[in-house]
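Some structures to go through are shown next.
Next, two complexes with subunit A in common: one pairs it with subunit B, the other with subunit C.
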Partner chain A sequence: MNQTFEILGFLLIVLTLVMQWEINVQRIIALFSASSFVIALFLVLLGLSRPNEEYMLFILAGLTIVVRGITIPLVMNRALNRLNDKPWRVREAKPLLGVGGSILLSLVLIAIGYFIYQNSLYSVLKVKSGSVPFALFLQASLLIITHRHAYIQMIGFLVMENAVVMLSGWVFGGLPFIVEAGVILDLLGLVVVSSLIIRVREHSILKVGDTVESELRG
Partner chain B sequence: MLYLYSFIEIIYVLLAAPLIIGVQRSLEERIESKQGPSVLQPYYDLAKLFRKESIVPQISSPVFRFGPYAIVMFYAFLAMILPVITAFPLPFAPSADFIGGGLFFGAAAAIKKFSAIDSRSNYAHLGTSRSASLAVFAEPITVLIFIMLGVISNTNNPFVINHVLRSSPQWYFSLVHGFVLAAFFMILIVETGQLPVESHTNGELGMIDQAMPFEYTGADLAMYKLGSYMKTFILLSVFLNVYILPFGVPMESSGFWGIIIYMGIHLLKLLGLIVIFALLNTTVSKFRLYKNFDYLAVAFAFAFLASLAYYIIK
Partner chain C sequence: MHQDIIYLLPIFFSLFGAVLCVLPVKYVDRVVSVIASALSLAVAIYLLFQPVYIDHYLYIDGLSKLLILTIALVYLSTVLYSLTYLKHIENLLFQHRLYYILLNIFVATMFFSVSMDNLGLIWVGIEATTVSSALLIATENNQVTIESAWRYVIIVSTGLVISLIAVTFIYGSAGTLSLHALLLHHPDNRVFLIGIMLGIVGFGTKAGIFPMHTWLPDVHGKAPAPVSAIFSAVLLPVALYAIARLIQVFPSETIKLFAFVLGILTVAVAALMMTVQTNYKRMFAYSSMENMGMILIGISLGGYGLLGAVIIIISHGLAKSSVFFLTGDVLSISHTTDMRKVNGLIQRLPRAASALFVAAMAVTGAPPFAIFVGELFIFAALIAQYGWLLALVVILFLAIAFISVNFKTGKMIFTGSENLKRERSRTETWVAIVNLALSFLIILLIPYFETLLKNLL
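Up next, the complex of A and B:
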C-alpha cells in the first residue's frame, strides 16, 4: 500500500510540474481538478488501510471530489467565462521565469523539501516518503511566486492546501474529522470570495483604465 | 559458437535497420490516408546511392570522406556489445559497459559533426550547431538515466540490468523505473529525430539532422544514412531489451534456434514502438527550435525525479 501512496504522491508532483509548464489558465484549472481527484483516491486508499476511521476518510474523499474536484474548478471556469469573451485564450502573458528555468527551480525545491524533511521531521515521524507533501508545498509556493495571473496564484494556493491535506492524512494520521471537513468547505467560501474580488477588480480596472492598474501593481 | 552469434547480430542489425525505418515511413503516410512508399524504399535508396559516384567538396579534408565509414564501423561495434538479440554477453561485450557504450555513441556523434563541419557548407554548420546544442543537454540526461539503472542493479553492465529488471518485479514496477522509462523515451525521441523535436523535412527554421549531410552524395551518403538507421535500430533495441520489455530475450541455454526465433519477436517489439512513433509523428506538431530546450528540461525532471524517488523510497 505504501508504494501506491508514493506513486500517487509523485503523480501529484508531476501534475504540479506540468502546471508550472502550462500557461493556459483553463488547462491549469483542469490540472488542479485532476490533482484533487488524485487526492481523493489517496484518501480512499488511506481509508482502506485504516479500518478504524474508514468512513470518515471516505466522506472526506467524497467532499474532496465534490468541492475541490468539481465545484471549485466549475466556479473558477464560470468566473473566467463571465470576465472574458474568449476564456480559452486566457493565459499567463509574461511568466517571470521561462519554462526550463521554472522546472529546474521546481526540482531544486523538491530536493530542498526532501532534505528539510529528512533532517527535521523524519527522526520523529519515521515515515519514509513524508517529504513528498513538503515538496508539493514548496512547488505550489513557486507556482504562486512565478505567476502574475490571479487565477493561477489562487490555484497555487489550492495546491498548497492539497499538500496540507496529504501531509495531515499520510504523516500525522487522522486529524479530527470536523477540522478536515471544515478546511475543505472553507476553501469553497475562499474561492467564491476570491472570484468576487477578482471580478470586482477587473471591472473597476476596465472602468477606470490602465493607469490605475499599473499603480496597483506597484 | 559465440563468435557466430556476434556475426549474426551484426548482419541482423545491418539488414533489419533500414526495414524499420521503411515501415515507419510507410505507416506515417498510411495514417495520413496516402499510399506511401514501399516498406523496402530505404533499401532501394541505399542500393541506388551505392551505385552512384561520390562528389567531394574541393576544400574538405579526408575527415569528410571517411566520417560516414567510421560511423558505420562504430555502430557495428555497438551492435556487438549491447543486448540486441541475446541477454548474455557475446565475446566483444566486456570491452565496454553501459557508460562505455554511451561514450561510443557520443564518439560516433562527434565524428558525424566533424565530418559535417568539414564540408564547409553553411547548412551543415547550422545543423551541426543545433545538434550540438541539443546534445549538450541530452547527454547528461542519458548519463543520469544510466547511473540510475546502475544504482538499481549495482553494475553498469546492460546484460545484468536486463536480468535484474526481468527477475525482480519490485524494481520493474517501481517508481524509479517508471521515471527512468519516461526520461529515456523522451531522450529516444531526441536521439532518433522524431516529432515534436525534429521533423523529416528540409525546412530551414527547424531542421537539425537533415542539414548535416547536405554535401554528401553517392556511396558516402549511403553509408551516412546506413549509420543513422543503425543508430535508431540499436537505441530502440536497447530501450526495448533493457528498459521496457526485458522479458524473453534469449539466454545462452536457448540455443541457436531460440536466438533465430527471438529475432522475429524482436522485430515485432520494434514494430510496436514504431507504431507509437508513427502516431506521434502524425499527430504532434513540431516545437519551435528554442522550445526543444524546455522539452529537455522536462526529460531532465523525470531523470532527476527517478534519483529522488530512489532515495525517498529506499
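Up next, the complex of A and C:
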C-alpha cells in the first residue's frame, strides 16, 4: 500500500508543478479539482488498509470529492464568470517564474522537504517517503509566493490543505472525523468569503495598484 | 437543565442573534445584537462563579472563563458603538444587517474557540474567526480595505495551516487532541515537541506574533473603528489562548524559551515600528502587537508571569477597544488617519480627546492602569528566571513604545491653532469612556483572577 501512496504523492507533486507552469486561471482550478480527486482516492485506499476506520475515511473521501473536488472549483469558476466576459482568458499577467525556473525551484523544494523529514522526523516516525507531503506543502507555498492573481494564491492555500490531509492520513493515521469535517467546512466558508472579496478586489484594486501598496506599507 | 448548557449559552446567544438578524424587520439586527451581547455578558459573569467544567467537548477553567468575560465585554461595547458609528460610513460594502450577522457569528466562533477541550476544534474555531471576520474588515468599501481583507485571508490562513500541521503532529504522537487527556499524560518525543512549536508559530500568526505579523497593521489600520477594536481587543488574545494551552500541555524548557524569544522579538519589532508610523491607527495596531508580545512573554514564563499576561489580556482588551473607538471619532471629523494632518483635538472634540490621551497612556502601561500591574507581574517572573539584563532590554523597548505612542497622540491632541471650531460631541464616545474606566477598575479584581487561575499558577 505504501507504494501506491508514493505514486499518489508523486502525482500530486506533478499536478502542483503543472499549476506552477500554467498561467490560465480556469485550468489551474481544474488541476486543483483533479488533485482533490487524487486526495479522495488516497483516503479510500487508506480506508481499505485500515478496516477499523474504513467508514469514517470513506465518508471523508466523499466529503473531499463533494467539497474540494466539485463545490470549491464550482464556486471559483462562477465567481470568475461573473467577473469576466471571457473567463477562459483570465490569466496570471506576470508570473515570477518561467517553466525552467519553476522546475529547478520545485526540485530544490522536494530536496529540502526530504532533508527536513529525513533529519528531524524519520527516526521517530519510520514512515518511508513521508517527505512527500512536506514537499507538496513547500510547493504550495511557492505557488502563493510566485503569483499575484488572487485565485491562484487561494489555490496555493487549498493545495497546502491537501498536503496536510495527506500528511495526517499517511504519516499519522488521520485526524478525528469531527476535526476533519470542521476543517472541510471552514475551507468551504473561506472559499465563499474569498470569492466575494476577490470579486470586489478585481473590480477596484487592480485598477489602482500602486496607490494601495503605498498605503499598506510600513 | 443540563449543567453544560449554561457553558454553551454565550455561543448560543451570539449564534441565535446572528440567525435572528436575518429577519426582514426594521432595526431588528441592531436590537437583537444588543440583546444577544447583553445576555452573553450576563452569562459570562455568571460563569465566573460556576465550577470548572470539563467533558468530552468542553474545557472551561478559570482561563477560559476570563477570556469569555473579556470577549463578552468587548462584544457588547462593539455592538453599542456600531449602532451610531455605522451611520458615519458613507460607502458601505453591504447592508447593516449583514454587518451584524457577521459580527455575531465572529463572536460565536471566538466563544467556541476558548470553550473547546479538543485542540483540533480550537483550530476549527480560530480558522472560523477568519471566515466570519474577513468581510467585516471591508465594511467600508474602498480599494485599501479590500486589499487589507485579502491579505488577512491569505496570510492568516496560511499561518493557520502551519498550526493544522501542528495539530496533526500532536495527534499523531499523543493519539488524542483532548486538552484534559494531554494534561494528564503526553508523550515526550521529538514529534510532539515539533508539533507544539509549529502550533506556537501557526497560532502566533493570528495573534500578530513576529515574524508572521504583517497582516496586523494593514487590517487594524484600515478596518472600521469597531472592527479594529474587536480584533485588537479579543481576536488576538483568543489566538494567544491556544498558545497558552499548548504551553500548558507541554511546559518544557525548550518550548518556553522558544515562546519567550518570539515574545521579545515581537515587542522589539513593534516598538521600533511604532517610532516611524504616521498613521495613528497603524501605530495603535503596533501597540497591540507589543502588548501581545508581552502577553506571550508572560505565558512563556508561567506562574505569576501568566497571571500578569491574563491581567494584560483583560485590561488591554478594554483599553484598546476604547482607543480604537476614539480613533473612529477622530477619523469622522478629520477624514484622515495621517497624524500629521490631525491637530487641536482637545478643542475640537474635548471629551474624546481627553479620553484618547488617557487611553493611550493605559495601553502603553502607564500606572495606575491594570496593564502596568500586569507588566510588573511579568517583570517579577522575568527577573527571577532570566535576570536583570534581559528585563532591562524589554523595559527599553517598552519605553520606546511608551514615548512613541504618547508623544504622537499628545501632539494630535494638544498642538494646533487656538481658533479651532468645537465639533458636536458624539454619544458613542461614552462607550469608549466606560471601557476605559473598566480597564482601570480591573485592578480591584486581580486577587479574584489569582483565585480563578490557581490551577495554572
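Just so we're on the same page, the second predicted complex is superposed on the first by the 203 of 218 C-alpha atoms of A that agree within 3 Å, B and C clash if a C-alpha of one lies under 4 Å from a C-alpha of the other, contacts with A are read in each partner's own complex, and residues count from 1 in each chain.
Keep this in mind: a residue touches a chain if its C-beta (ideal position, glycine included) is under 8 Å from a C-beta of that chain, and two chains touch if they have at least 3 such contacts.
Keep in mind it's a predicted model, so treat the numbers as computed, not measured.
Asker: Using the overlay on subunit A, decide if subunit B and subunit C clash or can fit next to each other.
Answerer: Aligned on subunit A, subunit B and subunit C fit with no clash.
Asker: In the superposed arrangement, which partner chain does A:Asn162 touch: subunit B (first), subunit C (second), both, or neither?
Answerer: Neither partner.
Asker: Who wins on subunit A residues touched, subunit B or subunit C?
Answerer: On the superposition, C touches more of the residues of subunit A.
Asker: Return first, second, both or neither, reflecting whether A:Thr64 touches subunit B, subunit C, both chains, or no partner chain.
Answerer: In the superposed model, A:Thr64 contacts neither subunit B nor subunit C.
Asker: For A:Met154 in the superposed arrangement: first (subunit B), second (subunit C), both or neither?
Answerer: second
Asker: Would you check which partner chain A:Ile144 touches, where first means subunit B only, second means subunit C only, and both and neither mean what they say?
Answerer: Touch partner of A:Ile144: subunit C, not subunit B.
Asker: After superposition on the shared chain, which partner residues are touched by A:Val193: those of subunit B (first), subunit C (second), both, or neither?
Answerer: second
Asker: Rounded to a multiple of 10, tell me what angle the C-alpha centres of subunit B and subunit C make at the one for subunit A, in degrees.
Answerer: Superposed on A, the angle at subunit A reads 150 degrees.
Asker: Considering the aligned complexes, could you tell me the closest Cα pair distance between subunit B and subunit C in angstrom?
Answerer: 20
Asker: Do subunit B and subunit C land on any of the same subunit A residues, and which?
Answerer: Common interface on subunit A, subunit B vs subunit C: nothing in common.
Asker: Write out the stretch or stretches of subunit B touching subunit A in their complex.
Answerer: Those in contact with subunit A are residues 174-175, 178-179, 293-294, 296-298, 300-301, 304-305, 308-309, 311-314.
Asker: Going by the contact rule set out above, which residues of subunit A touch subunit B in the complex?
Answerer: Answer in residue numbers: 3, 6-7, 10, 13-14, 17, 21, 98-100, 103-104, 106-107, 110-111, 114, 128-129, 131-132.
Asker: Okay, in this complex, where on subunit C does subunit A touch?
Answerer: 93, 118, 120-121, 123-124, 127-128, 130-132, 134-135, 138, 141-144, 146-151, 153-154, 157-158, 161, 164-165, 167-169, 171-173, 177, 189-191, 194, 217-218, 221-222, 273, 276-277, 282
Asker: Applying the document's contact rule, which stretches of subunit A touch subunit C when the two form their complex?
Answerer: Interface residues on subunit A, with respect to subunit C: 120-121, 123-125, 137, 141, 144, 150, 153-154, 157, 160-161, 164, 167-168, 171-173, 175-176, 178-179, 182-183, 185-186, 189-190, 193-194, 196-198, 200-201, 204-205, 208, 211-212, 215-216, 218.
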